[in-house]
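First chain written, first letter: the chains are A, B, C, D, E and F, and each begins at residue 1.
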Amino acid sequence: MQTHKAKRVAIIIEAVMESRLTKALNDAGVTGYTILPVLGGSGRSGSWNRAGQVSRASGMVQVVCIIRPDRLDKMLEAAFAVVERHIGVVSIQDCEVVRAERF
Amino acid sequence: MQTHKAKRVAIIIEAVMESRLTKALNDAGVTGYTILPVLGGSGRSGSWNRAGQVSRASGMVQVVCIIRPDRLDKMLEAAFAVVERHIGVVSIQDCEVVRAERF
Amino acid sequence: MQTHKAKRVAIIIEAVMESRLTKALNDAGVTGYTILPVLGGSGRSGSWNRAGQVSRASGMVQVVCIIRPDRLDKMLEAAFAVVERHIGVVSIQDCEVVRAERF
Amino acid sequence: MDQLLSLAAENLISPIILSFVLGLLASLFRSDLSVPEAAAKALSIYLLFAIGFKGGVSVADHGIDGRLGAALLAGIILSAGLPMVAFGLLRVMTRLERLDAAAVAAHYGSISIVTFVAGTSVLESQGIGSEGYMVAVAAAMEAPAILSALWLVARGGGSDARGMDSALLREIMLNGSIVLLVGSFLIGMITGPEGLAEISSFIVSPFKGVLCIFLLDMGLVAGRGLREGSGVLRPGVLAFGVVMPLVGSTIGLGTGLLLGLSTGGIALLMTLSASASYIAVPAAMRVALPEANPSLYLTLSLGVTFPFNLTLGLPLYVAVAQALTGG
Amino acid sequence: MDQLLSLAAENLISPIILSFVLGLLASLFRSDLSVPEAAAKALSIYLLFAIGFKGGVSVADHGIDGRLGAALLAGIILSAGLPMVAFGLLRVMTRLERLDAAAVAAHYGSISIVTFVAGTSVLESQGIGSEGYMVAVAAAMEAPAILSALWLVARGGGSDARGMDSALLREIMLNGSIVLLVGSFLIGMITGPEGLAEISSFIVSPFKGVLCIFLLDMGLVAGRGLREGSGVLRPGVLAFGVVMPLVGSTIGLGTGLLLGLSTGGIALLMTLSASASYIAVPAAMRVALPEANPSLYLTLSLGVTFPFNLTLGLPLYVAVAQALTGG
Amino acid sequence: MDQLLSLAAENLISPIILSFVLGLLASLFRSDLSVPEAAAKALSIYLLFAIGFKGGVSVADHGIDGRLGAALLAGIILSAGLPMVAFGLLRVMTRLERLDAAAVAAHYGSISIVTFVAGTSVLESQGIGSEGYMVAVAAAMEAPAILSALWLVARGGGSDARGMDSALLREIMLNGSIVLLVGSFLIGMITGPEGLAEISSFIVSPFKGVLCIFLLDMGLVAGRGLREGSGVLRPGVLAFGVVMPLVGSTIGLGTGLLLGLSTGGIALLMTLSASASYIAVPAAMRVALPEANPSLYLTLSLGVTFPFNLTLGLPLYVAVAQALTGG
């Protein structure tokens, strides 16, 4: 099957910042993304898990975004402006997609 | 540690289509996959999130499938027959696995 | 944006083994990971889904760990000591991260 | 008319409707108030179980009315027929394409069980009785509309419809809410008033309060639907969302009179005919007609018709039923 | 015998059992009806809290019976001993390997608290009292069976058992249901009838109704288990799932008579001995004996023994206890 | 003093407090007992809806007291002013940096609605009445403290604060619990005692029981917070967590006497002033002051001040209010 190169960016971020991040992505012209739940984790700021939260507020989510390689930099900049001062992790991977016109 | 090349296919698809997709995968001989929950997302068909759904019915899920490279094409074809006319995204990545005989 | 090479290890494992796995990771000096929920799946041990479980006990989770390439082997060894005799899947991918000093 | 207005006013200031309005306003003003999905689903299981059980007990209590069979059949015919009416109206009132029009029509042939539940609670607070088997009629009306809509599409000759396969048919007939409603109806019939006595402090006393929280969530969801989907609501479409329940309830009224139902039974049949599905039918449409636009039918059914029925429709249907039966 | 039959019939048409049957049928016919995991867990927290609390209040009310200590000890011995019996039976009746047989045996030494809860509710509806501390006995019976099973495996000399480490031991002893059961039992004992009065419209009145919904879900889960796991149920294994509760309850009966428990207390001890765990023990087995086949023990315990006890077992145990104590 | 002690003792052995203690112990001993997130959120929606509704009905019943306006204003001033006091204390008692001190201070100006709910239930079980509009005062006190804290940071000249933008302001003012509390208060006011009669078997009778389960979960969460965050609790910080509620309640007491509130009203205003937020404020701090340490403010508010208020604070505040008003 004919596939096309793309990038897959995964951003793990505090749930309270989710709407700010997706707004920044939209403003940067990135309108395709998926949000995955996160149960817990551990990092420099210690470990946490959902069962230890009083409310969803302080949990985290993962925002996954598949994007054309040439649009990656613009997207990363938009994302970083939001993520920068918050706990969270950004990772980038190569991937392939089938219908390139969608990304 | 000795590792082997494989492909990781991730399909984001409407929850109502999940059982049809896994059935198609099974019929194509793909019996290993994992289903992850999705909280929300945005694409050409607009944005949605789980809180905005009356029932699970109209949500989405992610089906992740690790597969031997030589079986990729057959799997993609089976998947596409189901996904084609539905909203959703298919992405393919390289990965490595430890116990190759399992895939 | 300046990025650095890293590895992304994803381990799908029974929920009852989660704390043992994260403990083993911590003991091996791996303190950064994220835990994602899993809704269901299929493998050599048959298929299962969350709705079919009496309690969370017998469900599965996915532990994702981004790590510097030179620390991969040590991490895999620690993980395998726990995963070995249990049902589950380990996959490894290349990825890139922005702030390398964190991993 | 006066009576109708005071009835409407009374209905509007009940905690149940106000909870819905609270939810609606909260989401229109983009508050982050939300009911967890699992909790909303648990509440709906409670409501279905309770309403089904009580219906069954009432049948056990009063004996099976000779009209049960006729009422079930009438429900099936209504559900299959109303989509034709809706489709006709849509082609006249809107510019929707055949595919979208058929998908919308399916929703209006089928029913909203929550509107039905709210209707029973309006009747109850006014001391109007109704046939216990109306619950079974509600269940019977869930599915036939889907087949009608698929037939409407197929007749159009397009290859757009994936159409009905046996898996889909089973999914529709055995979807959770039908099974739960019919199942608890049967349990209520079998265990009768004694069974009810055992669990009435669970399914009777707290019922209205639970309904408040559930409608709070429905308001939140409807409001979000309106906020995100309002783009699809061109004037004609919007008007359809209010006209169709009036047309549907009138047809339901005629049917109810024909069947010789009680005042409450007629009001409920009007409510069922007026209401539009937003769970079972959307799910079936995603499978069978994936190219139809989901935000169109969801916004219309949940954002327009549901609030209309809940606030203005219900008191209207009850008043009309009372006026025409002298009940 | 007549009495037994009518008792069984009465039990079978209670809303509680019928809800279970509804769930079972719904999943056997592959309906998509399901109770969200979070809701099911919340219901089980409610049931454990309520049953524990009421047990504690009853002890506070009637004073601590001199037999409490003896009953706890008996419970521990039963839990540790029944796996030996089960293991022996399995080796005779089935071709299971030592590892699988030991894992299954562990489940039958331990208990199913939902079966216990259903038992108390059968007793209650027949007006038969029981010792409040039976709840504590239930808690005491959860864990010892696991140790016995690990010992059975270790004795076999295989290196198959990961065995017991201190982390696992703590997890077993402090697993959520033991802690909640014992904790609410103590709260009930401390606050007594006054505490009960404060919260009885939460934990007493709606109890049976909540149990209905919970058993609906248990039926759904058991049905799915049967559908997916029926492959493992060879005739011998299947027979074990029905014979073992009969054997277990007989041993429980003897113990109860020895202890001099009341009619209700004996029926509950029979129920505990007859029931098989499907939460705590499976989790422990996954950690300690990962090579044992989970679908074997889960299908057997949840798909065979649980339904058997719920429908036929309970009325039988109650009738036998009544007959032998003249209660 | 004797009265105080017996009051404290009585409070401590209520099922509500004991459920909290059970949760606390279970998580300190690392049991895996847990309440699903969705269930905990559903319980909090229930509690907010019930407490708001009952407050509104009470206002509808007794007429709006002339002091309502004054009390709301006082609440806003207290919420805005208490962070200054807290900030001063923190700078004296601890070595926290300005940013962390301001973030902590915000929590103590705002309120914990669960502490308030527990307070109303203590009053109720002693037959002490209170102004229904205290619920509205509670809502009014949620947000102002956040603005004060941001002002404290800005005054410090650091560029650390992301500060307040309009999106954040809207999020704070329309956060779910404020909207639900105020909304159900208004619904209660509109529907009055008749509305309450319709749903009282949902929001009144089971209330205390639901509170037990909710506090069980709060205990579990507080215990986990303590286990993981205890490292941040240096002696000065720990002392602040106990001293500040005493200081806050004293200021609340003075304000209540000035306003001429009833005994119950004064006790509740003391409770509100003494309590610290652990939902709305932490969320706002993560957005506005991301560099402040969340485990500091969460551990302090949830792990120290909440348990203190629940067990010792409440009976103290009630006793003092009674002593000073002769109530």
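Going forward, a residue touches a chain if its C-beta (ideal position, glycine included) is under 8 Å from a C-beta of that chain, and two chains touch if they have at least 3 such contacts.
Please read these numbers as outputs of a predicted model, since none were measured by experiment.
**Q** Check every other chain and keep only those touching both subunit A and subunit E; list them.
**A** For subunit A paired with subunit E, the chains in contact with each are C, F, in label order.
**Q** Quickly list, by label, the chains bordering both subunit C and subunit E.
**A** Touching subunit C and subunit E alike: no chains returned.
**Q** After a C-alpha superposition of subunit E on subunit F, what does the rotation angle come to, in degrees rounded to the nearest 5?
**A** 120
**Q** On a C-alpha centroid basis, what's the spacing between subunit A and subunit B, in Å?
**A** A distance of 19 Å separates the two centres.
**Q** Could you please state the distance in Å, as a whole number, between where the Cα atoms of subunit D are centred and where those of subunit F are centred?
**A** 41
**Q** Multi-chain contacts in subunit A: which residues touch at least two other chains?
**A** In subunit A, the residues touching two or more other chains are 36-37, 47, 93-94.
**Q** Going through subunit D residue by residue, note those that touch at least 2 other chains and give them in order.
**A** Subunit D, residues with two or more chain partners: 34, 36-39, 41-42, 201, 205-206.
**Q** Chains as vertices, touching pairs as edges: which of line, ring, star, complete or other describes this one?
**A** other
**Q** Would you please name all pairs of chains that touch?
**A** A-B, A-C, A-F, B-C, B-D, C-E, D-E, D-F, E-F
**Q** Any idea which subunit D residues touch subunit B in the complex?
**A** 34, 37, 40-41, 44, 162, 167, 218, 220-221, 224-225, 228, 278-279, 282-283, 286-287, 290-291, 294-295, 298, 302
**Q** Any idea which subunit B residues touch subunit D in the complex?
**A** Contacts found on subunit B: 14, 16-17, 20, 45-48, 50-58, 85-87.
**Q** Name, in rising order, each residue of subunit F that touches subunit D in their complex.
**A** Where subunit F meets subunit D, its residues are 36-39, 41-42, 45-46, 49, 53, 170-171, 174-176, 179-180, 183-184, 186-187, 190-191, 195, 198-199, 201-203, 205-206.
**Q** How about subunit E: which of its residues touch subunit D in the complex?
**A** 13-15, 18-19, 22, 25-26, 29-39, 42, 125, 201, 205-210, 212-213, 216
**Q** Which of the residues in subunit A end up touching subunit B in this complex?
**A** 1, 3, 6, 8, 22, 26, 31-37, 61, 66, 93-98, 102
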